[in-house]
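Presented below is the structure to which this report refers.
Chains: A, B, C, D, E and F, in written order; residue numbering restarts at 1 for each.
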Amino acid sequence: MNKIITLGEVMLRLSPADNRRFAQANSFQIDFGGSEANVGAALVYWGEHVSHVTAFPDDELGKRAVSELRKSGLDTCLISFLPGRLGLYYLENGSLQRSSKIIYDRFGSSFSKYDGSDKNWEKELEGVTWVHWSGISPAISQEAADLTYRILKIARSKNIEVSGDINYRSNLWQYGKMAHEVMPKLIELSSVLIAGTRDFNQCLNKDFNDFSEAKAYAFEKYPQLKFIAKTNRKTHSASHNSLDAELHSKEQVWKSKNYEVNPILDRVGTGDAFAAGLILGLRKNDPKWAIEFGMAAGVLKHAVHGDLLLSSIEEVQEVADGTSGKIKR
Amino acid sequence: MNKIITLGEVMLRLSPADNRRFAQANSFQIDFGGSEANVGAALVYWGEHVSHVTAFPDDELGKRAVSELRKSGLDTCLISFLPGRLGLYYLENGSLQRSSKIIYDRFGSSFSKYDGSDKNWEKELEGVTWVHWSGISPAISQEAADLTYRILKIARSKNIEVSGDINYRSNLWQYGKMAHEVMPKLIELSSVLIAGTRDFNQCLNKDFNDFSEAKAYAFEKYPQLKFIAKTNRKTHSASHNSLDAELHSKEQVWKSKNYEVNPILDRVGTGDAFAAGLILGLRKNDPKWAIEFGMAAGVLKHAVHGDLLLSSIEEVQEVADGTSGKIKR
Amino acid sequence: MNKIITLGEVMLRLSPADNRRFAQANSFQIDFGGSEANVGAALVYWGEHVSHVTAFPDDELGKRAVSELRKSGLDTCLISFLPGRLGLYYLENGSLQRSSKIIYDRFGSSFSKYDGSDKNWEKELEGVTWVHWSGISPAISQEAADLTYRILKIARSKNIEVSGDINYRSNLWQYGKMAHEVMPKLIELSSVLIAGTRDFNQCLNKDFNDFSEAKAYAFEKYPQLKFIAKTNRKTHSASHNSLDAELHSKEQVWKSKNYEVNPILDRVGTGDAFAAGLILGLRKNDPKWAIEFGMAAGVLKHAVHGDLLLSSIEEVQEVADGTSGKIKR
Amino acid sequence: MNKIITLGEVMLRLSPADNRRFAQANSFQIDFGGSEANVGAALVYWGEHVSHVTAFPDDELGKRAVSELRKSGLDTCLISFLPGRLGLYYLENGSLQRSSKIIYDRFGSSFSKYDGSDKNWEKELEGVTWVHWSGISPAISQEAADLTYRILKIARSKNIEVSGDINYRSNLWQYGKMAHEVMPKLIELSSVLIAGTRDFNQCLNKDFNDFSEAKAYAFEKYPQLKFIAKTNRKTHSASHNSLDAELHSKEQVWKSKNYEVNPILDRVGTGDAFAAGLILGLRKNDPKWAIEFGMAAGVLKHAVHGDLLLSSIEEVQEVADGTSGKIKR
Amino acid sequence: MNKIITLGEVMLRLSPADNRRFAQANSFQIDFGGSEANVGAALVYWGEHVSHVTAFPDDELGKRAVSELRKSGLDTCLISFLPGRLGLYYLENGSLQRSSKIIYDRFGSSFSKYDGSDKNWEKELEGVTWVHWSGISPAISQEAADLTYRILKIARSKNIEVSGDINYRSNLWQYGKMAHEVMPKLIELSSVLIAGTRDFNQCLNKDFNDFSEAKAYAFEKYPQLKFIAKTNRKTHSASHNSLDAELHSKEQVWKSKNYEVNPILDRVGTGDAFAAGLILGLRKNDPKWAIEFGMAAGVLKHAVHGDLLLSSIEEVQEVADGTSGKIKR
Amino acid sequence: MNKIITLGEVMLRLSPADNRRFAQANSFQIDFGGSEANVGAALVYWGEHVSHVTAFPDDELGKRAVSELRKSGLDTCLISFLPGRLGLYYLENGSLQRSSKIIYDRFGSSFSKYDGSDKNWEKELEGVTWVHWSGISPAISQEAADLTYRILKIARSKNIEVSGDINYRSNLWQYGKMAHEVMPKLIELSSVLIAGTRDFNQCLNKDFNDFSEAKAYAFEKYPQLKFIAKTNRKTHSASHNSLDAELHSKEQVWKSKNYEVNPILDRVGTGDAFAAGLILGLRKNDPKWAIEFGMAAGVLKHAVHGDLLLSSIEEVQEVADGTSGKIKR
């Protein structure tokens, strides 16, 4: 077996159709997503076996969430049902000079109460070759931080590759801990990080002036670390962004092409699509292809509604090759 | 002035369109409602000045909720903004042999944290001649119970009429108090109750065998009580119900006509429409008309989507007169 | 040639979807209809060649209206374009005890300004064997009354059969004439009438006590008259009606079966579907079949959204035979 | 293991929303279904492990179909991808006196070209305890008939229970064989049949006068046969049906309660829901409960949009118990 | 009190969804708007108390219109109900090289028949510090011109600031007066004008060659005039415009930044958003901020569906600061 | 008479709304189109009489297709009804870097089985002055190739102008013939071709290096040929293309302006709009205007949903003049 595990909260996403504002929406489109499950679902589309670790309430909404993950092809055997509610977020999709807005309503969710103590992770991680986590889970609750640590520690002990997207969200971290109290011990269990300078500063309680400083520190401090990736986004407007990405090892740097995306259809999940592409490439031991494929996946996601990429390897490759855009008949 | 005050939580209602199940919904229709605000909105439609007391989070969703109450014509001057979330409920509309389902997701709402201590209620109740509350508020949180008591006590002291719809909901009451610890002191401040035998049993910790027992006890125990109203519903299926209502004073009983409703469009808020009609009639000191008009309003609500009745006096009267149904050109 | 001509206004119909009220509609469904064109469209579905006489404004809305008539298969060669606006009506579809409501907004329409003086009707009526009009046109404006008279007079002179649905609408007739000043001279040009006692009373300024009185008077007063048809509708609620119909010649009466329709999908145009079926039968010289087929067509229309019947002869016949309802695979 | 296998075509279902006719539809709602997969999906909802055997084209539509089956919880490991197209059917949902209509467009589908020769069925049927097929597959093509036979023969040899819903569809059987040339050898491999008198007559080329004749013949001719079930439906209109069901063993008869369904939301798949309930009951060796639970499942399906029942055991049981219809909070 | 009054017609706006053409629309989205009420609604969003003066028909549509204004937070106490119809306009939203189209259908509206003689404006204008009108009202009917004059004259006499957006619409002015016969006496009651060279030429019956000529004339001829503002729009396509604005006092000019808007979501009401921002700034006596904030508001409106801006001061300020576009979490 | 005939298949087009992917669509928008009928419908909009030759199945879907052509104003007298199915295609509309996708599902259609032998084409082509065909029909089936040849041969003999859009589609041509076996004899009956170098290479089995080679050969080999037109499209992304066109006679070349289209709303049918504009211009004997008007029509189609242009001559002319984009009131 050669399985991937992703772990993290999956939320109900409620977004007004037709670029309407919250003030004027008549209905909400229903989608389901969460950073880590989005990564997993993209990898499934590309042929990987991915099992997602999360928890849901034991009601019709929790069952619906599971069925959506199943629809994406994710293995749902590691999902637990707990009291609590389904976490949700409201998304007002921006355009032009109007910014997108997200209102999170996730506190008290079943996931936030789940610490993973109901499973034998030694056994569940048999056959697993990659684990992916993000900085969101440890920011939600002590239980979710414990869950992440519990799984990463065993993964490390089994030499499973561990990738972490350590995006720092200031409006989380409300359970009494600060990021730098929790994140370092998770970072030291990871072999691949997706992180920018600000993320490093917040998670390590540092004050790096630029990325090269941060990177130098990280590679020295965390010897198990093999790669650090980051994306660079220039926001001309909510409709028009420019994007590229870079991948760093201790010795080398690989840079992707630069892309213009305009007009953006759905900005959410673009970082997750990037992460998925990057992971696919690193699993093939091809860092150069990884950063190009990852960036192309991230770019393509801007043209897909919802949290998920829903695109084949061939489609992403065409974007990377610059040959997409014509009608396929 | 001759103002009415209603108090209670207003929630975002999310319901799949076209009678779809939660398992298959692609979008949720957006409505706003809450038992007491529903009563208020109906009374506004009929020419009353109604100010609704509630609390919302200070974000776009809270602002949207206020604008919806304004749209209904409710006076929104007494609404407070507080940290917390917007309470919401998911409604799966049933039909035929398939029951309707409601999943409440209201814990931690701004309303549940609001105890009314930010306002001078002595002053706010000047010019008010009627206050309406329900058994939902005291069941949500200590703060909401305090808010209700605070307002009712002053209302009583000013001889303002107070109506309470003491519907008992077993899945509420989770903050450590039981109904019979809280409800009696609210009932003893009320002049009109809407309640069935089961409500009395739960709220008074009694074991009445039938309504006449409960009613006798209530009129004796609570001398300020003028009227008790109740509705009788027979559920043939989710699409087909039979309904009538009765109004009791200490000495007299008034009974409404019996109605068949089939096929039901929206069952939610039918009790609130009844309460509104009843209050309108009692304010006119016409108990006989009150119970007929109230029941007709309740019946008509089965044909209106959403929480609100949205119907004029003339429309309700036609239902009471049995002359509705033809095309109005 | 064996052509039918129908004449009358065609309006844009705006109706809230999903049984929503005007107070809460987010969008209006777009349909096009008008009593006489509805009759014509049903006859086209059954193989007749029908040319509709009307007028539209010369803008995108007028062009759209024409394209909708073309879609129905109506011959649109006799349509004129005139200054003015497109007449419209708003329909709130009722259900249960809630009545349907129509708000007409048709004054100042291009049709109301059209008197037909731009065409040589002697020539246009060549090859025509049936003309159908209704009491709506003469009620709208002097021009529309003139148009109707102009065409009927020539039709009579050519021995073309003329059917008139003389439904009296009290909220029309606002141009200074009363019904009984205009209608008699149109009735005396007609060979088939659809009319109830009230219609006769209003149009002839009489006070008949019942239909048999009215019918006796009409057959005597208007010797060219061959048939009078009427429908009998019992309105239990906006969702549930009972229906039957009868056809009278001077000597004979034919009665249709009685039907229950429940729950009604769309009540508008049911009389027009009846008229179309009746005309089809009378053109076949089979009054017995005419009244059964007409009533079945009227009944079936209650199950079809919009103004038009959109049903084949076979489908209507199955209703008449009582064999409809099963899935057709 | 204790697995169920269902086999048959899964089609894209295209149906106009809001009870619109084909003549006026602006969009088609997208659902996926097929008689046997519908049975399987209901059984999954009730806790069974069901693997569905079918074939799809290897394009985005085929992948979508698989993801929908996954969403339903069906095991999709036994699905093959073949050249051809995705079978589809157009459904016009009837109401009142207007019949529902289905236009099948399934010829040339990938399923119709699939004979199952790509798999080792001896191996695939290990751990399987029940196989369900229907009379549709053998009617589609020689390949589909071969596929059915191939699987049933091995199932029989392994003493796996085999249920067949032998519904005869006259507009199928276009590949050169007649039903009675193919069906008998499939029936003789089945232990449970769902069939009415007409089905027996067509499939066995007989002329039974009533069900008891047919049943007597079948039990004698096919000694492996344990149960024959049939439903009795009375079609008052497309909106209103009456239903009951009966289950026959050689010695005994069990009859279900009779139900009124009105107004019907979606008639398609009601027989499949019945079959699923029946199978669940027979797997529990409780024929009495089986027929009641099956009928209740069939009744409940009339209130659910789409091909699938999407209902829990508790919900179905409430229908069987006659306690459904109230709002569940 | 420090109240603003806006006056003008509010129409029902009917627009095909999804950029559909009139020729192919299946439904119309329902919005409500009118130049002056749009200005008022934006000001309410920013904390001002605004009362809108208009008239509606006394039917469900008029009531709906009032409820929409209430939803926007406008004070609706000064609204009158009159016979007539609800004015409406049809909007076909353009894109790319396809122009947007508006078909007005507003003649005969209740507003057009309203001259304001039912109110004591001396009293209603107490506490009012700003009145806003536009060139549309005096172009509709003699009554609407009279209404405007009636209110402006009293405003002037009370030293209330008066702003007028004198946009000239050639397809209005059909009641027998020409613009230059009516507008001058309204301009001489105004302290702020929004006008371009063409507007001045039409309203004053002049032939100015450029804006500086027009402006010089206006400041000389109308000594009460404090500011003239104008926007400059370059239309690259229906999707892509460039915009800036300038504000002139007798002595000074303030220019806004230039903006690219692409792709435009909704072009309607952008001038009204600009006017609102300008008024807000001028009320703060900050002309420099006024023109920047006004232009930013106008720009932001291109990204909001409907007639209304629905944006907070902070959101507009971000556009002015060039910091908008990122996701707000 | 001065009639145009177009011939070719008309398909049901099913496309997910809101730029959704096949993987996530909940409903399909319904449109009807086909290259040649699209050309015809545009010409009808511009005042031409166009009769379309095609075949449909004799069911509700075939009837709906006819009614859609009627709605477009096409003369439908030459349409035949045959066994078979309605051809259809699924369109996933791309955007940004995501390509559009079309899945054709047209084999076995009624059109593919229609060879035109049921009509006397000598007679049907009386009064016809232009026939338009495309390379799609002869690629579908032997019957469709025969139909095209049958009509073109008679057209040529009557000196009717014949235009052919010989777009080569490699995924068609599956009935056993190759393009170069069929196309030459159709080309030699045509006076106007729309073709690029690749089309010539495939249809004539040549290996031209560039267009001028191909053109030289064609004009020499086919002396009846008067004009060859081609469009040049540069695909920056699925949202952004650049376009121009050129028209060649033996002696002369006319080039259109170059256009940027961004963001594209609907790419399908843009070549057909171009062809229609070109034909209109050539019928006016104005090649210079033809290529400009044709290109402008093609450009404008990118802004119109569906297969059809739905635009007036004035609208197209404005695009050609570079004056479109402003709101038309």
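Note that in this section a residue touches a chain if its C-beta (ideal position, glycine included) is under 8 Å from a C-beta of that chain, and two chains touch if they have at least 3 such contacts.
Note that this is a predicted model, so its numbers are computed, not measured.
> Counting C-beta pairs in contact, which chain pair has more, E-F or C-E?
Most contacts of the two pairs: E-F.
> Relative to chain D, which chain has the most distant C-alpha mean position?
E
> Nearest whole angstrom, what separates the Cα centre of chain C from the Cα centre of chain D?
45
> Of all the residues in chain D, which ones touch at least 2 other chains?
Each of 17-18, 21, 23, 26, 67, 101, 263 in chain D touches at least two other chains.
> Write out the stretch or stretches of chain B touching chain A in their complex.
Residue positions touching the partner: 14, 17, 21-23, 25-30, 59-61, 63-64, 67, 85-86, 90, 92, 101, 103, 105, 107-108.
> Report the residues of chain B in contact with chain D in the complex, numbered from low to high.
18-21, 23-24, 94-102, 104, 169, 171, 235-240, 263, 267-268
> With touch defined as at the start, can you tell me which chain E residues reach chain B in the complex?
67-68, 70-73
> What part of chain F is in contact with chain E in the complex they form?
17-18, 259, 261-265, 296, 299-300, 302-306, 308, 310-311, 315, 318-319, 324-329
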